[in-house]
Structures are given as C-alpha cells and as structure tokens.
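Next come two complexes built around chain A: one with chain B, the other with chain C.
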Partner chain A sequence: MEVNPLSEYLVSGVKLTKHFESRRSPIEFLTGRRPPPIRAVDGVNIEIQRGEILALVGESGSGKTTLGRLLLLLEKPTSGEVWFDGQRIDNVGSRTLRAYRRRMQMIYQDPYGSLNPKLRVSEIVSEPLRVNGIEVKKDRLAEYLAVSGLRPPEKFLDRYPHELSGGQRQRVAIARAMILEPEFVVADEPVSMLDVSLRSEILGVIKRFNQMLKTSFLLITHDLAVAAQVSSRIMVMYLGRVVEEGDTLGVLRRPKHPYTQTLLSVVPRLGGSLPKTLPKGEIPSAKNIPSGCRFHTRCAYALPVCSTDEPELRLVDGSHVSCHFAEQILSGSTKQSTS
Partner chain B sequence: MSLLDIENLKVYFATRAGIVRAVDGVDLNVGIGEVLGLAGESGSGKTTLGYALMRVLPRNAKLDGRIIFEGRDLLSFSATEFNRVRGREIAMVFQGSMNSLNPVVRVEDQVAEPLILHGGLSEDEAKKRARELLAEVGVSEDKAKSYPHELSGGLKQRVAIAMAISTRPKLLIADEPTTALDVVTQAQILRLISELRDRFGLSVIMISHDLSLLSEVCDRLAIMYAGKIVEVGSKVEVVNTPEHPYTQALLASIPSVERVGVDSPSIPGEPPDPINPPSGCRFMPRCAYARSECKEFNGYLYELSSTHRAACVLVGGKPIERVPR
Partner chain C sequence: MSAHSTLRRYLGNRKGSLGLAILVVLVFMAVLAPVISPYKATQIDPTAILQPPSPKHLLGTNEVGEDILSLIIWGSRISLLVGFLATFVAVLVGTAVGVVAGYIGGFTDEALMRITDFFLVIPAVVLAIVVAALLGNTLLNVILIIGLLSWPSTARVVRSATLVYKQMPFVEASKCAGAGTAYILRRHILPNVLPLVYANTSLTIANSIFTQAALVFLGVGDINDISWGQILHFAYASGAITAGDYWYAIPPGLMIVVAVLGFALTGYALDEVLNPKLKAGVVFESA
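And now, the complex of A and B:
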C-alpha cells in the first residue's frame, strides 16, 4: 500500500477520471463501432481537509455525484488515485478496503427511499453498529437522535419510517450515517427534497455533527444558498471538470467563472426578479463534450479561443478558476454578448 | 378584474381516523392575467386547493363553498357540465406531470392526441398544431419527434406545459412546476410561464413551498397554513412587510446566498394534525407571539391595505365581513 504520512488532507482524489461505457445504438451495433464513453468525471483533483465542509456544486450531469462516489470507492475510477488518511486506497483489495468503509459514510437525497420501511427507527440507526459487531447501547441511539433534532428521542425509537415526515426521516438517515463516528461523509443533495423552510434546520444538524465529531463532509448540492450556509469552501463542477474552487465567501461574493456567475444569478432571491440573461439551452451530454472550454457553448463571454483551447485551473484573486478571461470578466473589461 | 373568486371553500376528506380538513374556509381571488403564488409547507392544503379547482378529488372528498369563475359558480355544475371547463378553461400542470408522459409515444403525438379527441381536429391538423404549441414552449422540431426518455427534465416539463395550454385555458394551475429541476432549468421554466402570461393574458396560480421562487415571478402571494389562508397581499407587501407571524417565520427560515455561514431560524414544532386542528388560531402552538385571545380567534383576514390581508389578532386592521349568502 502506498503511504504518504505527510498528507494534511483526510481525503484526496488525484486526476480522478470515470468514464462509463454507453450502450450501443442499433447502427453502432451493426457497424461494430464503439459508442463514445460517457465522461462523467474527467481528471479532477480534489482535497478535503480534516473537519471541513466542502460544497460540490453544479447542475445534474456535471459529474458531482459520480465524484462523491469515486471518493468513497463505491465506483472504481477509470484512472487516477484516491487517498484516505495518508494511504492510497483505490488499488487495495476488498478486505483492506472494508476497514476503511466504516470510516466513511453517505447520506442520500431521498429520505423516502433510503430507509427500510419494515424497520423501526431504533433498528435503522443501530444497524451499522450491529453489522460492525459493536454493542448497541440505547443511550447512544438516543443521543444521536437528539443531536439530529428528534426530541425527545424516546418518542421516535419505536416508530416506523411511514410515521415520520420527510424532515424527520432525513434526520434518522443522518443519525444512522453518523453513529459509527465516520471521519468522512458524502452528503448527496441532503435537503433538496425537503421544504425550503426545513432546509436550514437539517443543514444545522450536519454542521452540529461536523463540530461534534470533527467529521469532514463533501456536501453535494445544486443550490448555492445551501452551500452558503454550511460550507467553508466551494468547488464548482461543469461537465466532469472543476471550473472554480475557493473559499465560500470569495466564490459567492466575487464569482470569477461565467458558469459560477450563472449559477449564482439563477438562485431565487426573496422579492427579486428572474435574471435578464439565462444561459442558452441545457448542459451538453457527457458523451459529446464541447471542444476547448466545455462551457463555451453556453457562455455569454465566449470568444474564438474558447472553442479551441481548454483553460487550465489557475489562481485568480484567491480562487482557482479555469477561464481564459477570468481577470477581464472580474474587472468588467469584457462585454457580455446578448443572447 | 377577477377571473376567479373562491369563497369559503372547504375540502374535507372522510377517513377511518376522522375528518381531514385539508382546505378549511379559503377566500381567494385571481385577476385576469395575474400570477398568484400559493405558498405553504407540505400538508398545508395547497395542492388540494388546486385539485378542488380542477375537481379531481377522490370519492371521499366533500366540497363546500363557492368557486366563481367568470361569474359562474363552478360548484353548482354537474360532472358533465364541468367536463367542458376542466382542461379547457382551467388547466393544471400537476406535480410530476413530466414523469407521466407516455414512454412509447413521440411527444408531438402526445400533444396532438387531445386535440384530435377533444378539439375535433384531423390528424394532420392536430400534428401541425402540436408542433406550433411545442415551438411556443421552446421545444424544437427535432426534439418534438423524440420519445420522453430522450428528453431532459426541463424539456419534458415544457411538453407537459404545452399539453396544458393546448386548449388556450384562461387559468393555469402549476403545482410545483420546477421541483426536481436544476436551478438553471428552473429559471428557464419560470421565465416560460411568465412569457405565456404576457403573450396570452393567461392567469396563473403557482403552487410551491419555495417563497423566494414565487416572489420572483408572482404579482401577489397567498400564504397557506393548515388549510387556511393566513396572509395575502402583493409580492412587495408580503415579502417586505409580512404581518402574520407564520409568514414572518417562513420568510426567515429560507436559506439565502446573502447569509454566508449563518443558520436561518427554523419554525419550531410541527404543523398541526389536520383531523384535530387546535381551536382558534392554528398557528398558535408554534407562534412566538401567542396570547390568550388567540384561542378564540376565528380566522378573519384583517384588512391592512386594499390588497393586503392577514389573519392574526395582533394585526391592527379591522375585520373583513364575509359576504352574506
């Protein structure tokens, strides 16, 4: 096993790439041609520090969920490396990997689909303990339910999922993910199915566990308002690549990449109005990624060079940005083409 | 001018556990060409109100009150009479309707089908019209020939909207039209609905739990809690000077990109049991300003301005008399 004891990061991905094979169309089948692969994640470097909440933001189809699954090794990378606690873990055997599994967990989007309807809350939350041969103490279950906001916990221990509201279910799902005191948790859109009025509270639960157990979180979301509340850093993905990465305040107050600016402009604001310019069309297919800068087909600032040269991530005003014209856009010397 | 006037509307469901008062005495009106936002948490009765307007309720539902649409009392209509209103004058984009498209029929044929069956068009005319309708909602001609699984969520929602407006209805009810869509697509769909209003003078009732989203596209906002409207007013009145403590709490709870690193205060407690709602003000058990009078409160909407009303004893306005009938 490769070891890097000097790593300051808990989790990191190096040039992570995941290509899925797409199904052959009838014509491709007859001609024997191979369809182009779906390039879900395409050479991403990511580092997560101990105890931090990193928000991974992008539209569906940007590859953010796949990246989260790669870091948990729920998906095997096509190429690249995954490191956890100073050790490379993407090339180890399944038995070695199992020891790491309980140190990382996942929280899913759908609290209606992720809880076993036949188990009581106490059984759902204690299951990870039983699977790992750890004694189940009722006090511990009660404590985790209480931190998750299910108070008094005794009232909830014997309930079934169908007796709970969506918000309560998600609290149970979080308690279950946290009970093994994992060091790293991927939370995939944990609040997007909940009422807006509940979101802040559930994010507060995640923050509480983050402070209590010093757990690192990768918070996957398409909503920058969610990232604003709890994350310390934001990473923005578009079509399998990172387009901007920086501390939360810097990304939200001075977004440099046109895509980040777009995402920020479409976040609904109380008493606001719809943005005057919206990006053209939809995110292209990961099977057919545009040449040059992947965003150029929808970018209001695009110039000829954008369709030929793919920009590298570089440091601009405190954030890492992959845009040829980040400085000009930031200073306002580049004109937006009207769409 | 009012297109729709809802007066003291009640929708009760008889269940084994008791009577569920999903909608319990709602007064609301929608003007011609107006977009009204109906906001509330899950279970507040906002979708049931939409179903009542379309009269698509299960058998155990009991309807009471008046729904006046262009001067006609729709609740006095027989089921057959109402068939001429439903889908033609009042149409609804149901929550998740983009996922109920027929998977084995090309989308332009799906849009054409009701035009043949109900619009009396020939097959060729209907197809031509379907393509026009799809173009109106931003579905290109080559996409119109696709099957639903070949389209993105945003395009499927556009198809669902095209079907709803194919009869040129006067009122469109859109129930959570953008949930499960991405933020960018969401903004595109909201803009489409705004454009349809501008182009056709369509009136819209937009139902959502997301007040910030509604506030971007609606002219007026109505806040629903436990089957009742607790506040209604222009978008500016409700967002900038909310009078009902529930509206205030709901507004404060919304995460915002402006508030970096700050938790928005949540609303304590849970919504009430719809079978046994608390007497008096239904928000009282969760309200920070609750006092003894709240137990006797009858739910009157006090008038704060010609457009702004709130149902709270602490509001300094005067009670509005119900129209005697």
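And now, the complex of A and C:
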C-alpha cells in the first residue's frame, strides 16, 4: 500500500476516470467493433479536507454520483487513484478495504429504497454496529436518532419504515450512516426527493453531524441553493469534468464559468423573473462527448477556439475555472452570441 | 403490515377461504384417520367383494373386500406427507439456488440457471421412473425425486426477486457498513424474497400430490403404502375401471382433484394477499 503521510487531505481522487462499457448493438457485434464507452468521469482531481462540506454540483448525467461512488470505491475506477487518510486504497485487497468501509459511509437519495422494509428502525440503525462487532446500546441509538431530528427517539425505535414519512426515513438513513462515526460521508442528493419545507431541516442535520463528529461530507446535488446552504466549497461538474471549483461564496457571488452562471440563473427566486440565460438544449451523451470545451455546444459565449481546444482548470479570481474566456466573461467584455 | 391484518385480508379473499377450508378438512382427515375411518384400512371383508355403496360400506368395497371410504381416509396421510415433504425439499433447493444465482451472478448464475433449465424441460414422470428403478422403489425416494423435480420454478422466482433486491440501496448501505455476503443474504435478501416463496409453496404442494398419485398409478413407489394414487392403481389393475365399478375409481380421483384444488386456491390467494404489488408489476413498496 502506498503511503503519503504528508497529505493534508482526508480524501483525494487523482485523475479519477470511470468508463462504463455500453452494450454492443447487433451490427457492432457482427463487425467486432466495440461501442464507445460511456465516459461518466473523465480525469477528475478532487480533494476533501478534514471536517469540510464540499458540494458537488451538476446536472443529471454530469458524473457527480459516479465520482462520489468512486471515492467510496463502490465503483472500481477505470484509471486514477483514490487516497484516504494518507493511504492509497483503490488497489488494496477486499479485506483491507472492508476495514476502511466503516470509516466512510453513504447517504442515499431515495429514502424509500435505502431502508429495508422488513426491519425496525432500531435494527436498521444498529446494523452497522452489529456487523462490526460493536456492542449495541439503546442510549447510543436514541442519541443518534435524536440528533437526526427524530424526537422522542424511543417512539421511533420499534417502527417499520412504512410507518414513517419520507423525511423521517431520511433521518433514519442519516442516523444509520453516522452511528459508526465515519470520517467521510458521501451524501448523494439527500434532499432532492423531500418536500421543500423539509430540505433545510435535513441539511441542518447534516451540518449538525459535521460539527459534532468533524465528519467530512461530499454533498452531491443538482441544486445550487442546497449547496449554498451548508457547503464551504463548491465543485461544479459537467460531462465528467470539473468546470469550476472554489469557495462557496466566491462561486455563488462571482461565477466564472458560463455553465455555473446558467446553473445559478435557473435557481428560482421569489419575485424573480424567468431566467434569460437558459442553457441551450440538453446535456450531450457521455458516449459522444463534444470536442474541445465540452460545454461549447450549449454555451452562449462560444467561439471557434472552444470547439477545438479543451481548456485546463486554472486559477481565476480565487476559483479554479476551465474556460478560455473566464476573465473576459467576469469583466463583462464578451458579448453573448445571440444564436 | 401486521400478521393480524394479513390474516384478515386472507380470509376476506373468497378463493383463500375455500382453499383453506379444504386444507383444514384434509389435515383433519389425515390426523384423525384412526378415529373417523369406519374400518381399519387393511381390514378385509371376504363376504363383500367389489360391492357398490351400501349402508355397511358407504363407498363400497374393492376386489379383496377392503372398505373404500377407509382406504380414502387413510390414503390422505401418504398423499399429504409426500406433498409436504417433497415441497420442503423443493423449496429448500430452489431458494438456495435462486438466491445464490441471483446474488452472486456471473458464471455461477449462468451455470445454476442452465442446470435449472435442464430440470425444467426434462419430462418429470419419465425421469422419476428411471431414477426410482435405479435407486429403489421406496416412499422416501419418491419424495426426493418429486422434490428434486419441483425446485426449478421456485429457483426462478427467487432469482428474479433477488436480482431486484440486490441492487436496492439498503443492500449497498449494508455493504458500506461492512456486512458480508452471508449476512446480507440472511438479513436483507431472504426476508424480502420469502413472501414470494410462500405462495409458490402451496402450488408446489398441489403439484407434488398430483405427481405422486400419477407415479404410484404407474407403479413407481411402494405399492403397499395406501394412497389415493395406489387405490387408483389397483382399481385399474383389477379391471374395476373397465368393468364400470364407479365407486372404486371416482372417489380417489375426486380426492386428488379436491386436494390439488385446495392447495392451488390457497396459493393463488396467498399470492394476492402477500404480494399485492405483483399485479401492478412492482415488487417493492414505494409509498
């Protein structure tokens, strides 16, 4: 196992890539050709500091969920490295990996599928303790349920998931993920299936555990408003690549990448009018990624160079941005094309 | 869903109540055979040979002077025994094969499913006759043969349900927590898959009873064990059927039909009550 004791990051991914093989069509089968792979994540570098909440933002199909699963090694990377607490873990055996599993957990989007309908809340939340041979104390279960917002916790211990609301289920799922006091948690769209009125509260629960246990979170979301509420840093993904990364305030106040700008412009506001800079069309297929800048097919500022040269991530005004014209767009000296 | 409300919904199902009523009668018949049968099963009345129904012998007598009603009542024991035990074997094998194939997947899945296909397409009765000839014509062998021929349908049902549940987030969450394969199968897959098996079980029992009767009729199995199939066998062998001695052949035939019907109705009703979502094509609850 490679060791890097100097790493200041808890989790990092180096040039992480995940390609999924797609199914061959009959013609491809006969001609022996392989279909192009689906490039879900394409050479992403990501670092998560101890105790921070990093929001990973992007449309569906941007590869954000796959990146989260790669960091937990729930998917095997096609290439690249995953480091955890100064040790490389993507190339270790399954037994070593199992020892790391309990230090990193996942919270799922769907609070209906993430709880076994045949088990009681107490059994669900205590399962991580039992499989790791840790004594189950009722006080501990109650404490984690209470921090998750299920009060009084005793009332919920004997219930089955179908007796709970969506929000209550998500609280149970969070309590289960946190009871091992993990150092790193990937929360994959934890509030997107909940009523808007509940979202702040559930995000508050995540924030509470972040402060109580110093757990690092990777908060995957398509909603910048969710990212704004609890994250300290935002990373924006588009078609398997990072297009912008920086402090939450910096990204939200002065978005540099045109994609980030469009994402911000579509966040609904009270009394606001409909956004003017809607992205054109839908996100292209990860099977057939545009040349040059991946966003140029939908970008309002695109120039010929954008379809030939792929921009590198570079530091612009405190954020990392991959756009040829980030400075000009920021200073407003580039006109939007009116096509 | 509590056990209480499940029971109530089951009894509210017309098919289910009728099926259950038949099963209760059959089980009482088998258990209380010594009490309710008018004669001992093998008691011979040399003065009454092949007699039609009379007050003395309600369903008449056979060619050696045994009381048909008593034979029917005693015969229910073997029929039910074979039905239950063969199904037990089938469910055990089928569930194990289905869960392992579905959960592990890959080559294991392919191999197990090809074996399942083999047992599905093979003509059961022919194989049973061959195996019985090789292993010996005993009741235990017949039970094992029927059991080993009946597991493929259970395996298929269990495998497809396992495929659904294995990709549920709660299974992955369990893996994340550090759970091993055996734990996940026992704790997460089986409890969700078993309700599908229960309904299937009842149908397998019906099938086993029928197969056993058919095999004994053909002379496979211990011909000295009194069962409905055996009564039919002797009715045929003695020429009673050709002679038109209806009281000899119809009652055992009718009992087989009623028993199969009872278990089949129970199975369908269980399916409706335990797996209501199957109708809509949804396997797990979503609300």
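Convention: the second predicted complex is superposed on the first by the 337 of 339 C-alpha atoms of A that agree within 3 Å, B and C clash if a C-alpha of one lies under 4 Å from a C-alpha of the other, contacts with A are read in each partner's own complex, and residues count from 1 in each chain.
In this section, contacts are C-beta pairs under 8 Å (C-beta built on N, C-alpha and C of every residue); 3 or more make two chains touch, one makes a residue touch a chain.
Nothing here was measured: the structure is a model prediction, and the numbers come from that model.
K.L.:
In the superposition on chain A, see if there is space for chain B and chain C together, and answer fit or clash.
P.N.:
Partners fit side by side after overlay.
K.L.:
So, A:L224: does it touch chain B (first), chain C (second), both, or neither?
P.N.:
After superposing on A, A:L224 lies in contact with chain B but is clear of chain C.
K.L.:
What is the contact status of A:L115 with respect to chain B (first) and chain C (second): first, second, both, or neither?
P.N.:
Second partner only, chain C.
K.L.:
Report for A:D158: first if it touches chain B alone, second if chain C alone, otherwise both or neither.
P.N.:
So A:D158 meets neither chain B nor chain C here.
K.L.:
By residue count, is chain A touched more by chain B or by chain C?
P.N.:
B
K.L.:
According to the stated criteria, A:R98 is in contact with first (chain B), second (chain C), both, or neither; which is it?
P.N.:
second
K.L.:
Measuring by CA atoms in the overlay, how small does the chain B-chain C distance get, in Å?
P.N.:
Superposition on chain A places chain B and chain C at a least C-alpha distance of 11 Å.
K.L.:
Enumerate the contact residues on chain A facing chain B in the complex.
P.N.:
Residues of chain A touching chain B: 59-60, 165-166, 195-201, 203-204, 207, 222-226, 228-230, 248-249, 252-253, 262-264, 266-275, 278-279, 282-283.
K.L.:
Sort out for me which residues of chain C touch chain A in the complex.
P.N.:
1, 168-170, 172-180, 183, 187-188, 191-192, 284-287
K.L.:
Under the stated contact criterion, what part of chain A meets chain C in this complex?
P.N.:
72, 74, 98, 101-102, 104-106, 108, 110, 112-119, 124, 127-128, 131-132, 162, 173, 176-177, 180
K.L.:
In their shared complex, at which residues does chain B touch chain A?
P.N.:
Per the stated touch rule, the residues are 41-42, 152-155, 182-188, 190-191, 194, 209-213, 215-217, 235-236, 239-240, 249-251, 253-267, 270.
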